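In what follows, structures are represented as structure tokens.
What follows is a pair of complexes built around chain A, which joins chain B in one and chain C in the other.
Right, the complex of A and B next:
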């Protein structure tokens, strides 16, 4: 059993100084990440992804709860622990007057272990203009520089806050390939936030969706794709508006037709619906983007009362680890 | 014998990548493109060609191994086994059952009775077997 390299427990963060008007960005995050995992953190703008990552690294102080990173308190990381972590912030801030090459040399000096051949290779691969001043770099080049600086000391834990947001598709794919090389030895752990679900589908072993300050959907990538399904019903007669389906993430009814998104697909549900409503039932696989939208649109204001998302019907196997957690506040 | 198979992997499909690989190996074996003794491309090769995490590829290979479709040969990779060595997994029956259930339901909606449905199934089976036999004879 791999050991957890990252544990967030009951993590809360509010930016308000007024204890009576707390406006929590994070309302209780629980997330455990095992060694070797590649975790994709998804969430809408303002959902708290960056806040969560910053609270994890001691860049922001949690209002409540705790983060344990590499067996240390995230707020009070030792220099030793920090030397095993790589972090790329959403906006890379560097020294505008230095040449890119100088920033790399300056950063390298802080680390006892620094893999310069790797850095040279990455700079070449990503065509980083080393003799350019940082001030003159484009947003994409600056982000690339940030990534190079975060990889140079070959960290065990890599935390990336939207690392590819400013990169073009070619550069993004090159970055993904590098990420895949990095995680190939399975001892490295990566947590990264992104909006680009198709990137996650290539590299992530696990997905955590942030919604309303909590982890709304969390599971192994393969597991989620196996279990989150949409059923399309075409019944012989109009369906009741309050059609109840256990474990549904979303239910949409239009006359004799319905589409039901299940958090935990089970073929027996198909048989039950087929018989109960004399309906044709087809099963649709959902990709990550469709899941993301299903989670957010259902949980947003227009949630149908029939879908009881907190009552996820567990599958026949009693293995609770296989059941994605659905928690829509 | 190394087979030069190339998997078609669609990372953004709703079907998990490991399952896409498993399905394609099943299909390639059934279609004779992969024969007993052939080696599957290495995990690394597949992962690189498709730009996907090698972990999902090894997951597919491990499941194919436990299903008795391939065997792990030290130093060589995954070798396709003869179908006789392959235990018939219950899953295949369950999958077929699901397909059939939808068809039966539609049959009922169309007002067919038991005998009519049964006759269609027998008919289709006979036609399918005849077509397969012809294919084998032509080879």
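Right, the complex of A and C next:
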């Protein structure tokens, strides 16, 4: 059984100084990551992904709860623990007066284990202009530099906050390839946030979706794909507008046809629906993006629905007992 | 295009919703009125009022500089070029804000029946214009003027100007109004220049820096890249930077406690490279010139005594002014590193090691400047020959050094605390207030207290200020260790 390298327990974070009007960005995160896992954090803008990562690294102090990283309190990491962690922030900031090469040398000087051949290889592969001053690097090049700096000491725990947001498609593909090489070593653990679900599908072994400061959906990638399905109903007669299905993330009804997204698919539901509504039922696999949209539509998120809004019905509004698996605020 | 009134209202709302500018405006209006009140010229009242007036002037400068920044911020983004009828109302509002204090001074001065309303108006218009245009004035010109004044002060006799004006009020008022009009025209031109900012302008970088968003960052990067291409400057600067590069290249061999100081040193090295080169040039040329000017009614004493006299004047002034200001800049050092701090704090160092090493480096910089400049001043005899005997002179010098050192410690400590506990604008307000008041009180203790009351009050003042500074530094260590980096 692999040991957990990261544990968030009841983690809350508020930026309000007023104790009577707390505006929580994180509202009770519970997340345990085992060694060797590649965890993708998904969430809309403002869902708390960056805040969660910063609380994990001691850049923000949790308002409540605790984060344990490599067996140490996240707020007070020792130098030894830090030497085992790599971090790529959303916006890489470095020293504008230094050459890229000097920044690498400077950073390398702090780490007892620094794999210079790996860094050289990454710089060559990503065509990082080493003799250019940081001030003159493009946003993508700066991001690349940040990634190189985070990988140079071959960290056991790599935390990436939207690392590929500024990279072009070629650089992004190369980065993902490198990430796959890194995670081939099962002692390495990666936690990364992103908006690009296709990237996540390529590298993540596990996905945690944040919604309004809590984890709305969490599970191993394969398990999620088995669990979350969409059913298409074509009934003999028009379906009721308030059709409720146990465990439904979203129900869209259009006359005699319906589309139902289930959080915990069970083949028995197919039979029940077929019998109850005298309907043809087909089961559709969902990709991560479709799951993401379903979670946010279900929870009243801003993601647009492809169906007529009047016909979209959350199962929770009628009977919250129907969706026990989704921890939705 | 929408009606001008509608657009003006919209523009005004961008200023009215920034509390710092509104509060600043209220303060400036109060300060300008206060400046026109007849001020007692002796006793304790003067000792208290002098720092306060200095504070008012500092604050007015900071506020009008804030308006200039706001102007740049309004005109730099792409929307300024895209939105129809964007520039005209923005220019009108900026000009209106500039003219309000100027007009207020003129009206208040006339209403109080003062004899020099024109001259008063000229002073305030000059100050406002100077601060609005400060970022476009070459630093060489500012430093040249500054040191030029120091070197030529005896010759120019600026202290005689008020009496001269009082003796010729009509000419002073007419001249003052003409100066004010000239200043207003310069300000108008400056505002027009601001309104036409493009990405090709170096100034474009500054305002967009604070605007969040990927697109803005990309724009900044582009502008910064161009600035970087042309900012190598004169040969002296390039050599400095090249030497710095060689020094950086050896960084890997440094031990860890030195390594963490590298970015701190780097910031100072690059920022100061041009200033130092400029100071050397200014010192070399203006010192002797000033000395010649001072001795214009005496036969020239020869080149070396003349040179020495110029160097003494500059050394005295530099020793008096530079250390307290450097202490404020150094105390702000950690706050200026907030952007990189998130990355640096994840280097394999404890938070205590990181904060302490940075604070020590910045404090060492402030104390180093104090020690160097005072050593130079003492070395060249800038504090004058012992007029009342060696022992009195030595005691006087030691007291001065103690007070000066206390200023440095106090300024550094309080700045380090206020930059972590207060929002940016409040911090500027509090730091200028606290440091300006403390430094001037200590200076007055020295200039007036010592002749009247002896050394004891000055020594107690130095001990109190220095002790408070040490406590502030201790507090700053804790605050910066616990500082969140969101």
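We adopt the following convention: the second predicted complex is superposed on the first by the 304 of 329 C-alpha atoms of A that agree within 3 Å, B and C clash if a C-alpha of one lies under 4 Å from a C-alpha of the other, contacts with A are read in each partner's own complex, and residues count from 1 in each chain.
Assume a contact is a pair of C-beta atoms (placed from the backbone, for glycine too) under 8 Å apart; a residue touches a chain by one contact, two chains touch by 3 or more.
Here the structure is a predicted model, which means the values were calculated and not measured.
Colleague: For A:271, select first, second, both or neither according to whether it touches chain B, chain C, the two together, or no partner.
Modeller: In the superposition, A:271 contacts chain B only.
Colleague: Just to be sure I read the superposition right, which of the two partners does A:97 touch: chain B = first, chain C = second, or both, or neither?
Modeller: So A:97 only meets chain C here.
Colleague: When the two structures are overlaid on chain A, which partner does A:54 contact: first (chain B), second (chain C), both, or neither?
Modeller: second
Colleague: After lining up the shared chain so the two structures overlap, which partner does A:76 touch, if you call chain B first and chain C second: first, second, both or neither?
Modeller: So A:76 only meets chain C here.
Colleague: A:160 in the overlay: touching chain B, chain C, both, or neither? Say first, second, both or neither.
Modeller: After superposing on A, A:160 lies clear of both chain B and chain C.
Colleague: Output check: A:151 vs chain B and chain C. Expected answer is one of first, second, both, neither. What do you get?
Modeller: In the superposed model, A:151 contacts neither chain B nor chain C.
Colleague: Which of the two partners, first being chain B and second being chain C, lies in contact with A:287: first, second, both, or neither?
Modeller: first
Colleague: Of the two partner chains, chain B (first) and chain C (second), which one does A:205 touch, if any: first, second, both, or neither?
Modeller: First partner only.
Colleague: So in the superposed three-chain picture, is A:180 touching just chain B, just chain C, both, or none of them (first/second/both/neither)?
Modeller: After superposing on A, A:180 lies in contact with chain B but is clear of chain C.
Colleague: Can you give me the overlap between the chain B contact set and the chain C contact set on chain A?
Modeller: none
Colleague: Under the touch definition given earlier, write down the residues of chain B that touch chain A in their complex.
Modeller: 11-19, 47, 51-56, 59, 94, 98, 101-102, 105-106, 109
Colleague: Using the touch definition from the top, list the residues of chain C that touch chain A in their complex.
Modeller: Against chain A, the touching part of chain C is residues 214, 217-218, 221, 224-225, 227-229, 241, 244-245, 248-249, 251-252, 254, 256, 259-260, 262-263, 266-267, 269-270, 339-340, 342-343, 345-351, 353, 482, 484-486.
Colleague: In the complex of these two chains, what residues of chain A are touching chain B?
Modeller: Touch residues, chain A against chain B: 38, 173, 176-177, 180, 183-184, 186, 197-198, 201-205, 221-222, 225-226, 229, 236, 267, 270-271, 274, 278, 280-282, 284-290.
Colleague: In the complex formed with chain C, which residues of chain A make contact?
Modeller: Touch residues, chain A against chain C: 15, 51, 54, 57-61, 76, 78-80, 82-83, 85, 87, 89, 91-99, 102, 105-112, 133, 135-139, 142, 165-166.
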